[in-house]
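We just call them A, B, C and D in the order they show up, numbering each chain from 1.
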Amino acid sequence: MTLTFLNIFIAVVIAIAFVAANAAYLVWCERKGAGFIQRRPGPTENGLWGLLQPPVDGIKLMTKQLMIPGGVDKIVFIIAPVLAMFPTIISFVTIPFSDQIVAHNMNIGLLMIFVFGSMSAMALLMAGWSSRNKFAMISSVRAVSQAVAYEIPMLVTTITVVMIAGSMDLMEIVHKQGGGFWHWNIWPLQNGLFNVLMPFSFLIFFICSLAETNRAPFDLGEAESELVAGYHTEYSSMGFGLFFMGEYANIVIGACLTTILFLGGWDCPFGLFPGVWWFLLKIYFLIFTFIWIRWTFPRTTIYSLLNLSWKVLIPISLFNLLLTAGLLKVF
Amino acid sequence: MIIETVTSQLLELFPEYAQATEHVVEIVALEEQPSPEAKKGKKEQLVTRQNGLKNCSYDACGYHLDLQLSTGQLLAATALLFKNGFFLETITGVDWIKEKQLEAVYDFSRYDFDLCRVVVRTRVPRENPAIPTITGIYSGASWHERETHDFFGIKFQGHPHLIPLLLPEDADFHPLLKDFKA
Amino acid sequence: MTEPIVLQPDETFVLNVGPQHPATHGVLRVKMTMDGEYIYNAETVIGYIHRMHEKMAENRTYSQYLPNLSRLDYLSAMAYSHGYVLAVEKAAAIEVPERAEYIRAITVELNRISSHLVWFGAFVLDLGGFSPLMYAFDDREQILDLLEGITGSRLTYCYFRFGGIYNDIDEDFIQGTRQFIKRMRKALKMYRKLVTTNIILIKRLKGIAPVSVDMCQRYGATGPVARGSGINYDVRKNEPYSVYSDFDFDVPVFTECDAYARYNVRMEEMEQSLRIIEQGLDKLPDGPVNPEKKPKAIKLPPGDYYSTVEAGRGSFGIRIVSDGDKNPYRLKLRTPTFSNMHLFDEACRGMLIADALAFMGSLDLVIPEMDR
Amino acid sequence: MYRYFSEIFSGLWSLIVGMRITLVEFFKPNITLHYPHQTVKMPARYRGHIELIADEEGKPRCVVCGMCEKACPSGCITLEGEKPEGSKKKVLTSYKLDFTKCSLCGSCVDSCNFGAVEYSKEYNLASTRKEDYHFDLLKRLEDRHS
């Protein structure tokens, strides 16, 4: 028993370190990616290729004054950024990076991630509500309606995968997809099911994770040109820093989940060099796609976002759920 | 041609000339532009122009019809222009300090190829400059009138929101008046 | 698409957009009375960078006032200077050599493209897409380099003089412009693929912010705003000035009245401007660029003169009232954005804030020009 | 139904096309210039602030006619000259340019009939003090020729 707790403690520490390092260097990646897409070099001045930029930025953020504007709901205002960061770190505990590297595998790991994932929407709502700022307020309301709208197709597609695997254990889901490239859930061939809708399911899940993490083109919550900075308008110093890190940590979680559910986790495509790097390769490719998308498209509006969710994503994912259930019954 | 239609319609605003239009319509030809009065000096300029319609040379001054009228006729003329498909280019003022008058100038133009630019002017005494607003006809006149009010202090009677537009909210000066000293 | 909704006037709050707000591109303030995310009422407050250009005109000679014109609309400064020099030349009956007029037309059109490129980038940035801005600025940079090569400055050109231009163009400019035309055609194709046909952008702009013909007439909207509402009005065609009657170009008109139509008008306009520049370079006559006797101290005969040109944002009118002195007695600048922005208050009622800001972007605002 | 699906597919296609364009741009070389490390060469006609031109002896060509002073819209030029004993021409004794007011319009150069002023190519002008922009052009000319 104590061993398990120690295990979890160490895992959380490692997770925090992983998340912090990722968040910091994803900002660097984002800036470099944006730079190259826009044909400029991105950060270059600090260190080689600007690699020292993230620590410098971190120090800058930490040394700044933490401003609490007058008239805010202080308790909620302070809790919100913590709440934005904390659930994402917890979620890392159950994510399996490979056969061995997992902090604490649970048979309901998937459920747990979703439960903690929904909490970030609450953090945004709290931040927006407590800030006493109309822009923040509008932004947080947007963020919540967006989170609710996108939770549904995301869960429906997840259920499809869970039905195929027959388990909510993330390890189990990956194991079911073992055996090479064509066995991954993204392809229609897996497990002998000829479910042609699986690639679309993957796409739906990917879009939903974009929306869940408030990434462009679904970054309505912090729509810069409309709502200034959205829910974190009033935050300064590390309050802002935590939101920022939380956002990037969420991206990593989204990429991890997509990899586990659809891209076969750490499974190597053609039996080449099996190992944890395949997992990392896959999530970083997905993260690159996140960045790539962000710097390509304009932002949607709230109604086209909801239209997309309710009129396109939910019907298709529901249909896929039905189809998969039918196919599972037949084969 | 729109110029003829508008001319005949505008002339109805001046019933005293309705029969004898040739009294009102003077043709200012291009070669006459640097008129002999101009060279004689500014004294001649002080002769205030009578209200009426002037046909101008587009090549020389950039508009076809130049209509000066009393403040009472303004709304009728504007409504008439609106009906004929004119849009409001701008409203501005001129301070004729020697004549102790302020002039409001309205520019109208058309979107189609039947080119006709109409200038409508009306003069009011400097002590009590009041002109009826045309915002009821041209909603876009609102800002132009506010701007003219800012700069010249012309009060547009009936304007729904006559507060400073370009000047600070508490501005009580009118910078384009010739006797304005900063 | 927004469905018409019934707004509750007693459940509103006031949202103060600006004077410092990312979407206003300068210091413009819109007091929006909101019902949730819907705008119940809006009141635009302008004048934050009002500089009283018209009073300055009264205290300066005609030629001293020239630099002021490029400070009105810093993005298409050429067109405004053009309007001013044309007005004075018309009034003072100054002959302009043909070559000078051609060079004026070429530079004005180059400047129009650069202005539209900034609008394009900033508009897509308003909609949340960042990269097109950078691509647009890259292309614009070529124009600025070309214009810097002949005028000596990058933004606030003071290139036109009464009766001619400051300096003749050189072979480098002609070659560079020809290359730029080729490059720009390619770039426009890329923008069409990257942005114009993008489903997110189409969903975002189609049917948004209708501006009817009637509204245009009442507010005196001109330029791409009017042309996006199906009004075929372009001063270059309606009242051909300078040498524009020598060029063969189309006026893009879209009848959808929405933000997408206004977007398309400007994108098409860039292509038409390229056509004009190309023809201008082909037809460019030889000869002097300034009249033999440079007019020094300009005095206009007493009278009232009005002149219009098509600037980047619509028709720019200039009224000079002269009393025969060396300074203008009164000089009025009719700037297009002033009228175009005015209709925002009426048109944005019942719109979502996101759409209203997209609408504002589609009006292509340059605040210094509006405030003068 | 057909429209529903065709819209989805054409929409998706437009997104893919967009992503392909940005990916191509990703691998293209940079176009920016690293400003403090690299600088652009100013074109020959670049209009910086004005500078006096010297004649062969290193004296200013200026004849103190005051045309530039009159032409300047912002009144940033003040010049003084005096007639030395026995000379017909005036000699420039001070030529001050208040660069804080200058809008680089070039009216002064245009108005000069003696070719005595030109544009400098300086653009790296930054200071936190206003006085740094009150240029004494005569002194600058002497410094260049000494």
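Just so we're on the same page, contacts are C-beta pairs under 8 Å (C-beta built on N, C-alpha and C of every residue); 3 or more make two chains touch, one makes a residue touch a chain.
Remember, predicted model here, so these are calculated numbers, not experimental data.
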Those chains which touch chain C and also touch chain A: D
Label of the chain whose CA centroid is most distant from the centroid of chain A: B
Interface with more contacting C-beta pairs, comparing B-C to A-D: B-C
Gap in Å, rounded to a whole number, between the CA centres of chain C and chain B: 26
Inter-chain centre distance, chain B versus chain D - centres from mean C-alpha coordinates, in Å: 42
Separation of chain A from chain D, taking each centre as the mean of its C-alpha atoms, in whole Å: 50
Rounded Å distance between chain C and chain D, as computed from the means of their C-alpha atoms: 24
Numbers and ranges of chain C residues touching at least 2 other chains: 131, 135, 138, 194-195, 198, 200
Contacts with 2+ other chains: residues of chain D: 15, 18, 21-22, 25, 31
Residues of chain A whose C-beta touches two or more other chains: 37-40, 295-297
Chains touching one another, given as label pairs in label order: A-C, A-D, B-C, C-D
Complex contacts: residues of chain C adjacent to chain A: 1-2, 13, 15, 21-23, 34, 37, 124-131, 134-135, 138, 194-195, 198, 200-201, 203-204, 352-355, 357
Residues of chain D defined as touching chain C within the complex: 10-12, 14-15, 17-18, 21-22, 25, 31, 43-47, 71-73, 103-107, 110, 119
Chain B-facing residues of chain C, complex: 46-47, 50, 52, 54-55, 58, 87, 90-91, 216-221, 226, 231-233, 237-239, 301-308, 315, 317, 319, 321, 323-324, 329-330, 332, 334, 338-339, 342-343, 346, 371-372
Chain B - residues contacting chain C, complex: 33-35, 38, 42, 45, 59-63, 66, 82, 85-90, 92, 94-95, 105, 107, 109, 111-113, 115, 117, 119, 138-140, 142-144, 151, 164-168, 175-176
Chain A to chain C touching residues, read off their complex: 34, 37-40, 134-135, 138, 142, 216-217, 219-220, 223-226, 228, 295-304
